[in-house]
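Dropping the structures in below, format is structure tokens.
Look for subunit A in each of the two complexes below; its partner is subunit B in the first and subunit C in the second.
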Partner chain A sequence: MVGIFKKILSKLFKNIFKKKKQLKLGIYGPPNGGKTTLANKICEDWLGEEMGTVSNIAHETREIQIKEEISIKHKGKELKFNLVDTPGIATKIDYEEFLKSGMKENEAKTRAKEATKGVIDSIKWLDEMDAVIVVLDSSKDPYTQVNITILGNLEARSIPVLVVANKIDLKKADIKKIQSAFPQYEVIGISAKFGNNLEDFYDALFKVVK
Partner chain B sequence: MEIQHLNSIKRINKILTLVKQNKIVLLEGKLKSHEETELIAKTMEEIDSKFKGIEISVMHSSIKENTILWDKIKEAVLNFLLGDRKGFTIIGPANIIKEIKQDPEKIQLLLEEASSKKKKGD
Partner chain C sequence: MYGDGSSEILKGCKCGGKLFFYIKKSALERQEEHIQLSQKDKEQIEKDVYDILGTQIDKEKPIVLDIESIKILRPGQYELDIVNLFKKQPLIYKLEEGKYVIDLIQSFKKNK
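Let's look at the complex of A and B:
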């Protein structure tokens, strides 16, 4: 009886807290899809500052990055949220891959260790998200288990998802391939780097995050 | 090897133990979505200079939007009867499996062999 009462009280407190908390918008995806580039673009547009560093070497973002109280005003509507940029989710991390980009062995091993922790943190944070932008590289094959696992987990948690096909400025970009891989989601093609098609992106974001 | 009766944690530990022994695991059906992320998280904990991680791929038929009603009913019945036992899952060590390419129709397993690559089967 006491247990049941405790559960009800705890749920009540959670709900009160939930109403007051800021919406968390997560950016998820495999490494090097352009998550931080998109996060930077959003922050530049609406806060006037960048969020994190970007690099061509995978696993540049190895810690969860949060920018609080971003307010987007678009076509007469307003959306307020905390933006959470997450490390890329991968099933393998090989420090030798970092050596190829000119890193020293110790540096590469440290980066690999930090990257593994980053993946674990990204997974842990899934439960915290109210909505998620999944950023995929439109020049790469979308049929990967990491992509399927991320989307499957978001679906299982009933978290609203917007799939972004990034890097449409590249010759190999193929938005249709991503659309046919994940037909149940709205897919918006953008270039976060060059700011292409961001109008459509913000339109879709407002639709997904109601 | 029967792992269906094991709980999620034991299943993941069993799979990871086998993969770390350089074995490729072929599972009937698929892991639950939370088990997949748990497997990835556990894999990350185990990564060191020898163990580079895993490659994983799930092959299962999924219903297409333009499927006729009869096929949709068949799919629903199969889902009800087989649940997570539908399709199959391949999990292997990343130092042996270079890449698993998949699309809705086929799976390609690209194996790592010393410094050369070997393509094995469709």
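Let's look at the complex of A and C:
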């Protein structure tokens, strides 16, 4: 009798304190597409604080960054999620590229090593995601192995995807090229840096994350 | 270079090294470009590999790194086969009791 009572009490206790599973929204893409700039923009808009540092040198984000319990209120609807900013996924990481930016050799080699670990971590975390924003630089060729592999793997895992064509403020930006490369996805052109077209972005986000 | 199941791989090299790179026979036959690495570079690569794999790796046990997924050309220069990485194919072959244990998930357990 005491055993049954203990079990009921334990179950009740667990239910009261069981943390509700938060939806995980991942930001994925190649390096320097503007993932952290977009993550910062979302965090600034809805939390009033930034998420991480941004840089013109690739692989600035080398560790998974998480901002918990972001609540977006948009056109009478509310969306709550944990935002996961991931290191850029690349097929080649060479410290010599960082030297060109004036970095010292040791610093550049460490950055390359951490960026490599970052790629593995990003890939490892993919299965944890409930939805993913893929951030691409709209001024660059979208037909790359990295982009195709990321989107192909998201599709294979049936993870909802929103493709963001970032940096539309640049002269070379070509949203149509990204749309024709990945016609099965909704592609939203934005400038995370200048906050352009974020209304459409939030509209699309609500559609993707139901 | 040591063959599969050699005592060096099972127990570690006489030099004290316990980190091995797995090279397929076919890759050897292709006579890929071999980069001459200095002893200093080799030691640095070993240190970097342990850093990349994280603290959960037991340095006392021999480890074979599958270079099909991650190629380290020299310190600071990496080539990643992301197609393989997404497939979650094993990167690390831990050796226990003379057998290969393929356990990527354990090796790469993340810190939540």
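The rule is simple: the second predicted complex is superposed on the first by the 191 of 210 C-alpha atoms of A that agree within 3 Å, B and C clash if a C-alpha of one lies under 4 Å from a C-alpha of the other, contacts with A are read in each partner's own complex, and residues count from 1 in each chain.
Methods note: contacts are C-beta pairs under 8 Å (C-beta built on N, C-alpha and C of every residue); 3 or more make two chains touch, one makes a residue touch a chain.
The model shown is predicted, which means the values in this text are computed figures rather than measured ones.
**Q** Report for A:I120: first if it touches subunit B alone, second if subunit C alone, otherwise both or neither.
**A** The answer is both, since A:I120 touches subunit B and subunit C.
**Q** Where does A:P183 make contact in the superposed view: on subunit B (first), on subunit C (second), on both, or on neither?
**A** In the superposition, A:P183 contacts subunit B only.
**Q** Touching A:E155, do we find subunit B (first), subunit C (second), both, or neither?
**A** Once the two structures are laid over each other on A, A:E155 reaches subunit B alone.
**Q** Could you look at A:V163 and tell me whether it touches subunit B, subunit C, both or neither (first, second, both, neither)?
**A** It touches nothing on subunit B or subunit C.
**Q** After the superposition on A, what does A:I70 contact: first (subunit B), second (subunit C), both or neither?
**A** neither
**Q** Taking the superposition as given, does A:Y143 touch the first partner, subunit B, the second, subunit C, both, or neither?
**A** A:Y143 contacts subunit B only, not subunit C.
**Q** Once the shared chain is lined up, is A:A108 touching subunit B (first), subunit C (second), both, or neither of them?
**A** A:A108 sits against subunit C, while subunit B stays out of touch.
**Q** Using the superposition on A, tell me which residues of subunit A are in contact with subunit B and, in the other complex, with subunit C.
**A** 89-95, 109, 112, 116-117, 119-120, 123-124, 126, 145-146, 149, 153
**Q** Contact residues on subunit A for subunit C in the complex?
**A** Residues 89-96, 105, 108-109, 112-113, 115-117, 119-121, 123-126, 145-146, 149, 153 of subunit A touch subunit C in their complex.
**Q** List the residues on subunit B that touch subunit A in their complex, please.
**A** Going through subunit B, the ones touching subunit A are 32-34, 36-37, 40-41, 43-45, 47, 49, 52-58, 65, 94, 100-104.
**Q** Spell out the residues on subunit C that touch subunit A in their complex, using ranges where they run on.
**A** 48, 51-52, 54, 70, 75-83, 85-86, 91, 108, 110
**Q** Help me check something: in the complex, which residues belonging to subunit A touch subunit B?
**A** Listed in rising order, the residues are 89-95, 109, 112, 116-117, 119-120, 123-124, 126, 141, 143-146, 148-149, 152-153, 155-156, 183.
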